[in-house]
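Same chain, two partners: chain A is paired with chain B first, then with chain C.
This part shows the complex of A and B:
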């Protein structure tokens, strides 16, 4: 016996989650298995479709418009513009706490490094911070959080020519938190609104924080904090702070570990749960059985190999970071099914001289046909019932193009939907 | 690192957690006792994902979190022979959530367990109240064994107010909690009275006949009941036996001691090893005879599967790990459990809506969704997940007087979700989570095996 389903999705990142959700909504009996937590916990939580062309032109105003002129090997070209749109609608429906769906145009968001970034969807918590908004802005940094130096970020933003005045101030977070407190510690304190000691008096955390910021506020109409404002109730926390301060409050997305990424992961998992899929995390898929078709895959649990079988499979194990693509002295490979990964034979051709050069390496991943089936070295599909989605795919450089989440969502959607249709 | 601005690939070269080849549990100190975790420490690229998973760091201002306890502390130790283990390692509750997080496969909980072991054996004062208290809490089996001889008296004495006050003041065991009641008849006594293995073989044969299976089919499991279902909740053990027999399995209940979970959490590795040796020796013989080790407590299965091979070099330890399963999990793999549950219904006592909490140690085995998904289509009962927060008790952690408040703060989210859930009966696989659920909500708590028994066994 094996654990059975119609569609089995391998990998629990944005690609796998969207895939499983699309398949489940298509009516298939879906199971998602994932090893570790996804790269979402490290990502900003912003959903970029396309910010720059592969040649570095941009920031792009309309990402959809640019898709038809992408190189043929690009995942967006495989699925087509309409699928990208449909996939984003599925995302909007599953994650109602995100904004940006009212327009095709990229939004411009300030980053915690002080630059402006074109993005397609952003958490509601970031929306009062849009760079196209002309209201004057105060950024508030926390002394202990060195990766958000508010005056510095403000100066950077100012230098980009934003259409508003922006200032940065640094405060001590109320209560006696340790110097390297975790983002989740701040979030929990604000979520539960627990009391903290401020000059010997116990004050609820949200109020205490507002009291710290109040005297610093001049005539700014909005205040931005690093993204630490709650895990479970971010909306309520922003509202409470906003009421105390009499301004709009927003969060600036942060680097890893990222609360917005974590919240997005939670939202997608609950959407998947509601759609009736089965989910198992914590153990890797390490092996499979089958020739032209995959019959079974095996999940490794402390030495035991647990068989899982399905009619259709989706490979969404991520790129180099998620460990869906790996490299060693001999080359680049895909470790679960050993799908072919096209790459230059000579290691020295993988990289450019400069650190941020046009590295071929960044585009490595499996190549597929238009149905997202991985192709072997002679361009035949590797397995008739396997599709690939997300950053395990080659042909694009998410960091340079700013297309990471968009590609994962679009290809995840396409792979999941087609797998479900075939399984029925 | 800023959002997608800096390509993260460039400085990322961790050990592969999944190479596609044979998966090797990280063998840290194969032949010696020196705790060298350097290879694991080196593969940490400081992304702090583990820190976002730590329920203790979320509420405790003194706790520096898993990244510090693990890779950072090992690096310090490596560069300075005299570096002492930081005493904050005693604040880690060994929930093992950080293990599941690390994209780089750093063996975090193993690092914490060894660090704690070293701290306790080399730095802790063996005459201190804390040491004595921890030792008593960790050796629950001994207290339970004694108490089970006189369950009525023990139930009274353990929760006798003035005695509890003294325990808190002198030993640091919180008086806020009620000690779990001891059963009048232990599971093992019930098992023996019922006729032990001989009776089980007969029952299994009868079931196989009923099901049209070959009567001599080779279906047999060795039950690792653990301390709790033996002394406190024998109904869970009974449910396990009846459900397995119903599917035609012959059950044995081999000699066993504590799984060691509370000892790991308190750094009592020598105690844990002694118990592990007994457990591995009795289970490995049975595995050779074709039995699989089955546990109904997810911390017990976790110990046999992961902690033993990580920490101890005992003959047969890997073999036992590979052949250990959680009770419901094994049936899901080998039987059409889903189909049978879909065709069944429950009435009576267990026709309930349950507020289900997945224990941290089930999470690490990938079992956190099992009960909810399995019972989705069961007529007459409803199982609702109350979210992914830790219950906060973490075995002995929540029994310590100085940790009690934190334990309740961690559990607060779960209590709230329980209150919002439809059901007023709780469900979980972990006995101490069950204690915490009951303590925080007043609900009665059941084990999924009990519901399975009600659904499938006549």
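This part shows the complex of A and C:
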């Protein structure tokens, strides 16, 4: 006998989590299954809606305003502006530790490479670092931490024309962490606030860190650290550092493994838990049954194939990065249901010669109707009870547009809500 | 003997660097100029095979004999650049038994240690060999790092007083009264090693003698003095795998053909190659079918290659040359021997010699003959010492000590660093500060990166070839910004940004030929990390100015300019 639910969501990234949450809040009996670690740990943790048009215009101040002019194939055009707004409201409600909902206007955030990027929602931990805020800024890097060289980041930020003075200083992190310690080690030490030896005296880690920074602070009113300030208690750590230093403290989002991404994942999983969805992680969907309708899918667990059946299905397995879209020398395919992925026949047409060229591969994914149902090569829906959400969708280049999280949230919301409505 | 003659060597590949080292060690004044990085041309685009000579044992026995001699020399003087993997010539059922026997006797005739092993024995050595391989001949092939080797030659030349100028393109040969008396070079501008005699300008370098060691580009240099040097550039593709499917060099034992060798190289294996004449050494088609053929054909020897992950492909251009009266149609027929063209004897233009043809494995021998020739011109009687004196890094490279404790590095990283650095390990790795890993794929630490920056300046591609940083699976996705940051202590931000862009673009170029499967996933991730997370594709530092006041400046504000006092009063309460 199969495990049964009304809505089965496949994929545990932003699209899948939002889908499951929307469906659960709609009152459906929801099950989410995800295989590998989600790509959220590789993402910065910022929630972008739209930073640039497909033509490269931007940074856009108002992302909603630009949506109606996007190409027809764009997932935002499938769901419409109002759905994007509603989806963001769901996000704001589920993740109260994020800011930016007070305005439709994009924010500009410093990146760990020293550029700035437009985004719509940012973790509370990053909020004192906004680039439109004119307060002078000190960035603090950790000697061992090669991902964030504060003097370099500061010089690069300065070159972007930010409306404040910015300086970078490098310190030795208190405590005896090894040279290649993972970011979670730093976070853990600050979370537990364990005592570390400072000149023979034992001092709590947060205070010890502040002591290292204090003599370096000049007139700056805010201090930025790489995003290592705690996993469980980031707010308390920022407050403690801020109190010791007498300034606002913020984090600059980092590359993988990204603590802000992991914290966001945790927040969404707890919201989903609270909404009463059942969640199973770590096992892949390997097969399915059904012709026009998907009857059941099979999840491989310790070598056994466990059937799971549902009325409605959401495919939110990600793009090339998350392996929801795959390729070989002959072509591009969607591996779970073998949904059609439109692509050029010659693989040398998939990409451009410049790293930041207009790559076709960046837009590869399933095409859908306005109800987000994947379409086959002749533009008929592949399965009547399957919708797709997030980066498994084609028709947009999230990296160039800075639209990844927004599309995942908006299409996840729409797919989850409609699946729930149909299942009831 | 009069004053020391000044020799200008054009070309910073293995041959040029070998000549410069040899001449400098014999006491001559040497200036070496290279249009790009060291190894920029052919040397940096080879499969890294240290020939045993087995490959030429049937077709070109003179070359085969030279190869085995130099193979022995390089194991000795360049031990930190060489991995003696051993090699196999494997025979498939459809390959000719007669050729197999000729290969075996050819090896014996050329003094190449060779031994027949059965198919079972070959598979015991290399478990991924195809089940139906009949048998094989084992030979002392090896793997060699061309970057490390050339850098070590250049460093040795420098230690002996030579001037090494990279990013310096020869724009003209200076000819006075029917004699070559120097070269005119255009220096690429920029700080670090890119500040030359004249930053960003031209320089006339007077020379008593000029050596043209530019390989496939030799004709270009010849044109500058109206000389006709008929080099026949021949392209070959190489495809890099993300792991070593084999630990031994695998050659196919058949007369000639494309896609017949796999060379294990550091963490990767390199598939090669093709041989096709091209018009222009810098501009030739790089085509999909060449990569596909490489994988499809070599899968006959190692079936798992068929769906293995490739990380990039690149093409190199051989500087083939044959004397005008031979007239081969097929580039594979052209000898791999080298030729010394004395333009005084050949063209009545004294003051210059060109060296063309030849093989990487015999670079030192070529250097020796050129240096003998040049010394002969000046009546200098000085012995060649390059076969006896180890290169910097190989002086006492005998035992890998346990560097884990000594340098506070995790064992595999310490081991790999020491393998790369050889006898320089102590100097480079003993630093005062922490020594974190900058490139995780290849295990390259900050100390090595900083050492490379000292040697090569702000050019991150030069840092790359010295350290292997950014040459692993992620192709710079995770480490290019870290490498850029390592430059920043010494160089200004715009210089760093330019070097960073150059590195990213260079890494992308080769990956284009590997964009399917795992590597397309990796490329999509790299693209997302740089464009989404860092916004490097729309970096305002490179583009138009941004109206910051039009964007969100925090809670309670709706854009517009900010009264910073309000924000300060309001700040710090956003914890959770």
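Observations on the structure shown:
By definition in this document, the second predicted complex is superposed on the first by the 424 of 424 C-alpha atoms of A that agree within 3 Å, B and C clash if a C-alpha of one lies under 4 Å from a C-alpha of the other, contacts with A are read in each partner's own complex, and residues count from 1 in each chain.
Just so it is clear, a residue touches a chain if its C-beta (ideal position, glycine included) is under 8 Å from a C-beta of that chain, and two chains touch if they have at least 3 such contacts.
Values in this document were obtained by computation on a predicted structure and should not be read as measured data.
In the superposed pair of complexes, A:37 makes contact with chain B only, with no contact to chain C. When both complexes are overlaid on chain A, the residue A:82 reaches neither chain B nor chain C. Of the two partner chains, neither chain B nor chain C is touched by A:378. Of the two partner chains placed around the shared chain by superposition, chain B and chain C are both touched by A:404. In the superposed model, A:283 lies in contact with chain B only, and not with chain C. Judged by the touch definition given at the top, the superposed model places A:253 against both chain B and chain C.
Touch criterion met: A:128 reaches chain C, while chain B stays clear of it. In the superposed model, A:2 makes contact with chain B only, not with chain C.
By the touch criterion stated above, A:301 is placed in contact with chain B alone, chain C being left untouched.
When both complexes are aligned on chain A by C-alpha atoms, chain A residues 42-44, 48, 111-113, 115, 117, 178, 180, 253, 255-256, 319-321, 323, 326, 355-356, 359, 361-362, 398-400, 402, 404 touch chain B in the first and chain C in the second.
Put simply, chain A touches chain B in their complex at residues 1-3, 33, 35-37, 39, 41-44, 46, 48, 111-113, 115, 117, 175-178, 180-185, 187-188, 192, 194, 232, 253, 255-257, 259, 262, 266, 273, 276, 278-287, 299-304, 306-307, 319-323, 326, 333, 335-336, 338, 355-356, 359, 361-362, 398-400, 402, 404. Those residues of chain B whose C-beta lies close enough to touch chain A in the complex are 1-10, 12, 16-23, 25, 47-49, 51-54, 57-59, 61-62, 64-65, 100-103, 105, 305-306, 309, 318, 321-325, 332-336, 363-369, 373, 376, 385, 388, 409, 412-413.
Those residues of chain C that touch chain A in the complex are listed here as 288, 292, 295, 307, 408, 410, 433-438, 446, 478, 481-482, 484-486, 488-489, 492-494, 496-497, 504-505, 508-509, 512, 515-517, 520-521, 523-525, 527-541, 545-546, 548-559, 561-562, 564, 567-568, 571-572, 574-576.
Partner chain C is touched in their complex by these residues of chain A: 42-44, 48, 51-52, 56, 58-59, 61, 96-97, 99-100, 102-103, 105-108, 111-118, 124-125, 127-128, 130-135, 143-147, 149, 151-152, 155-156, 158-163, 172, 178-180, 221-222, 234-236, 238-239, 242, 248-249, 253, 255-256, 319-321, 323, 326-329, 346-348, 350-351, 353-356, 359, 361-362, 398-400, 402, 404.
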